[in-house]
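Before we start, here is the structure in question, set down as structure tokens.
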Amino acid sequence: MSKRNSKATAAKRAGPARVPATEGDDTRLTALDLPGAPLSPEMAAYFAKCEEKLGFVPNVLKAYAFDGAKLAAFAAMYNDLMLAPSGLSKLEREMIAVAVSAHNRCYYCLVAHGAAVRQLSGDPPLGELMVMNYRAARLSKRERAMLDFAVKLTAEPWQVEEDDREALRREGFTDRDIFDIAAVAAIFNMSNRVASATDMRPNSVYHGQAR
Amino acid sequence: MSKRNSKATAAKRAGPARVPATEGDDTRLTALDLPGAPLSPEMAAYFAKCEEKLGFVPNVLKAYAFDGAKLAAFAAMYNDLMLAPSGLSKLEREMIAVAVSAHNRCYYCLVAHGAAVRQLSGDPPLGELMVMNYRAARLSKRERAMLDFAVKLTAEPWQVEEDDREALRREGFTDRDIFDIAAVAAIFNMSNRVASATDMRPNSVYHGQAR
Amino acid sequence: MSKRNSKATAAKRAGPARVPATEGDDTRLTALDLPGAPLSPEMAAYFAKCEEKLGFVPNVLKAYAFDGAKLAAFAAMYNDLMLAPSGLSKLEREMIAVAVSAHNRCYYCLVAHGAAVRQLSGDPPLGELMVMNYRAARLSKRERAMLDFAVKLTAEPWQVEEDDREALRREGFTDRDIFDIAAVAAIFNMSNRVASATDMRPNSVYHGQAR
Amino acid sequence: MSKRNSKATAAKRAGPARVPATEGDDTRLTALDLPGAPLSPEMAAYFAKCEEKLGFVPNVLKAYAFDGAKLAAFAAMYNDLMLAPSGLSKLEREMIAVAVSAHNRCYYCLVAHGAAVRQLSGDPPLGELMVMNYRAARLSKRERAMLDFAVKLTAEPWQVEEDDREALRREGFTDRDIFDIAAVAAIFNMSNRVASATDMRPNSVYHGQAR
Amino acid sequence: MSKRNSKATAAKRAGPARVPATEGDDTRLTALDLPGAPLSPEMAAYFAKCEEKLGFVPNVLKAYAFDGAKLAAFAAMYNDLMLAPSGLSKLEREMIAVAVSAHNRCYYCLVAHGAAVRQLSGDPPLGELMVMNYRAARLSKRERAMLDFAVKLTAEPWQVEEDDREALRREGFTDRDIFDIAAVAAIFNMSNRVASATDMRPNSVYHGQAR
Amino acid sequence: MSKRNSKATAAKRAGPARVPATEGDDTRLTALDLPGAPLSPEMAAYFAKCEEKLGFVPNVLKAYAFDGAKLAAFAAMYNDLMLAPSGLSKLEREMIAVAVSAHNRCYYCLVAHGAAVRQLSGDPPLGELMVMNYRAARLSKRERAMLDFAVKLTAEPWQVEEDDREALRREGFTDRDIFDIAAVAAIFNMSNRVASATDMRPNSVYHGQAR
């Protein structure tokens, strides 16, 4: 049960000053020491577009920049799955991203995509719910079925069977939608593991976005 | 990778308006229909003090208010463990609260005590780290040992043994401190379950606190 | 497949004498070295009442006695939940206590509350069943639903939802009963962890009670 | 915290009479309806010997009696592992039996072999500890290593490797002893599953033995 | 995505020669150093029959040969369960053996009984499916129910109840069949653990059988 | 313990003919009904190259062919990670692929990449070991550390920390190698889930390759 204090007072009460939790997150992006590499013209343009539209380049892209082929392949797959036309809205795709990342407790992805859910929904607590426990959110039956599938696929993929696909069809998802739910859940199962394996740090700017 | 948009634009893009995620959280506090009961003079005074110091009465207290004995017992135990003098700072106790609640994925406690970590530390991302994965935070050895003990005690209490207590003593914790770490972890293992069993909803004001 | 022998013969066959399993359990109550504190008049009276009614003071109370506020708060909460009027019988509450403690494999609570189930039911094997596997007991549908809820809440509280509450309502439990089931399960999730964290030892007298 | 009452008083307080927990356990041994078969002379002699030495025929033997080959094979394997000469004492073998059965929460085996630990040790609480949580018992390093191996082999056999065998050798176990520890843990992993699959009920006489 | 190369070319590309994965598997059968013992006439005859019918003596039998009583008991139980008349076909029993061993990730049993499924079915990919994930196989409802029961009994025997037996009866299994499903699943839960505890190695000849 | 019989005899003994386990696997590649799409020239050339070098187009590529962008992105990422120069040999990358897919029990990936391990190593049983339990294989310390990291990252990515990276460095892996181990483990965590979500079937030709 928190108190109404200024940050300064609070910090004083907490004893010796702590190093800020985000210290170094924008300069030392991962725990691996990987030599830099010059960006290809395409990737340089992509980074410039990120700067223009987002105000920064997401650290995950910089973390892949040591190898042009890896960066290009990741960006192509990511942008197709999360931004290309789909029967799933962008918000739905970000909700999947966060619910999957919450199961895998991936700090990078929860920070970056929690911010995306807050922004796309215009409803900051919805982002918190996806991070904390999507089962506690008041979701439509469609949303709940979508997230249940994505999280089961994350937790025990060997148990996913026709009954699970049928449950999605009953909520109106097409087979193409099912592919997209699976593919979004799957790419975050990939990214969560690259991020955890390398201790990837999210851009500190995400924390305050769309609060 | 989120965009720089106003909330209004974002909401428009997301399609049909969603009901806000916190709708009803301040009026229907749990999923149980429990008859109200008049507060005892002591509890009325306590609620008034909450209003004065926090600006609101935490929903967990209101949720217990149907039964005066339960409310008084919970408040006494809670306030002793979280606010009375201890070898653990209040921030440390709140960090335990959140790390335990993250293991148990308890929405109520993560929202309320995540806010407390943000306030007491004056470092909002520290709150996020406790919610998302305390292992990704840059903690002192003391803090890490404290949280490892609390989370092991949460996840598999039957495995906690003398070696675990010794690991705390090596970081300078006294036996009394060990009791306090255990007791704080334990009360949140209790509260997480009361909250989950009743679908307890956090006061919506917590979401924006100390961001 | 055991044999009909006197204890003496059995002990002889087992080779070198073992230290009795309860050695020290009544004198060194936990693994923590906590300075004693004088009991408040209320708590001294409570301990005297325990001596009178039970013949001994449960070790859990003595273990909390190093700090008067903690002892008073625990005793108040415990006695309210386990002994005050409720839609649940005292036996039902003790059955929850043991089934929860069995999931958490808590030695202290299984010994103390296993004895309580034996006494309250007048049926010693019922106590064994709660300790070993409540699913193997021939329970009423009401009892089974109650224990299934309590154990699910123990094992994976993040999965408890409206369907689980509805399953209780279908067996005739009121919302107040649901609160009490949750609260009893929850306090044992707390006590199990305090006991495991401190290696709390049960009074040796429990072992032979109501056999 | 149980009360000093006669069973009669306790039963009265508990409300409507419950059917005793062991009702039918000595007459309907499993949930399967299997046609009886005449015992072979060897098995008839074995049953007679059980009656003479134990005072009863363990239900597990009667449960196998529908098929002479299965009964003979089980009895031969069981008696060799549990009763033949070994570097492990009979008590040690029974301790393994109970710790394994506790992991698998097997009612039949916990009742029958919990009684055996009580009898062979002459120390009833040692039986309770094996049932409830062997880690809470004050064991010799040899006993602890033995049970840790047996329980790991039960819980995650795919993780057992040379390091685990070496840990046993360090406590003085020979390779033959290691085989015996493994074989005893293994046969109870078998019996636990036959008992659970068939809802096998233990002879009611076990409950009161060696208390 | 593999290439069409001769083994020689492939090995060359893979860099420094590796020791073959089966090296020593036919000579050092387990990680335990157990003194040999002369075979009884019955067991000598049994080994000779294995040589004649299979072309070799399965290593599991040789691994038990250090102790005549253990070998005889294991052979008797194994042959009764897997080869004697039963409502389950031999193929069905081997399918259970492999699905259970896959849950337990037992190398010995997966190699030996995977070969048996390939041979008895005349369908090598069926053996692969049992090893990899039986849920991905196109099974009859009867087969699926049988394997679901066997694997649940393996993974969480404490959860097996009347509903599970009823699910088998609905597919036409008799109570005797249920016993046999349970007993086959159970003996492999035993054998998997003896094999894992001792690092038992399968005869190398199994790998190429019935491909 | 299998018998030396012709497939024909075996099939006869097994009772009514079963449908072959691979029936339909080469024609109905997934459980989703997704409209085909014309291949881009690049992808058409890629498919032709697969036909030429492998003799077939892997079903995973055909399964992605309904959408040119998804196919191109997957192929680019896959080929970079598995075929481009790396400090990891191609065999090592395939060993990771199979060990990860074994944890996730992914039928498609185990069949396709099990074949790759057999081919690249020239040692078929090595492929079996990766499928069944990599811990049972006689691996170099380097290989074991690599697979332990990959499987921990698969099973509990939230627990991967600096100690895990250090364990790889101690075996001589560079930071770039660590990235590659993580990225290969991660892409299979993705592919396993796409395959399981869609019931993707492996080309039947894989089963017999390099046996």
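In this document, chain identifiers A, B, C, D, E and F correspond to the written order of the chains, with residue numbering beginning at 1 in each.
Following the convention adopted for this analysis, a contact is a pair of C-beta atoms (placed from the backbone, for glycine too) under 8 Å apart; a residue touches a chain by one contact, two chains touch by 3 or more.
Quick caveat, the model's predicted, so the values are computed rather than measured.
Note on connectivity: the fewest chain-to-chain touch steps from chain C to chain F number 2. Using CA-based centroids throughout, the chain positioned farthest away from chain A is D.
Separating the CA-averaged centres of chain A and chain F is a span of 26 Å.
Mean C-alpha position of chain E lies 24 Å from that of chain F. Between chain B and chain F, the centres computed from C-alpha atoms are 43 Å apart. Annotation for chain A: residues 105-106, 133, 158, 161, 199 touch two or more other chains. Here the touching chains pair up as A-B, A-C, A-E, A-F, B-C, B-D, B-F, C-D, C-E, D-E, D-F, E-F. Those residues of chain E that touch chain C in the shared complex are 158-159, 161.
For chain F in complex with chain D, the residues that touch the partner chain are 133, 135. By the touch rule above, chain F contacts chain A in their complex via residues 31-34, 66, 69-70, 72-74, 76-77, 80-81, 84, 104-106, 149, 153-154, 157-158, 160-162, 165, 175-176, 178-179, 181-183, 185-187, 189-194, 196-199. Partner chain D is touched in their complex by these residues of chain C: 1-5, 7-8, 10-11, 13-15, 18-23, 50, 53-55, 58, 82, 89-91, 102, 105-107, 110-112, 115-116, 118-126, 128-129, 131-133, 136-138, 199, 204, 206-211.
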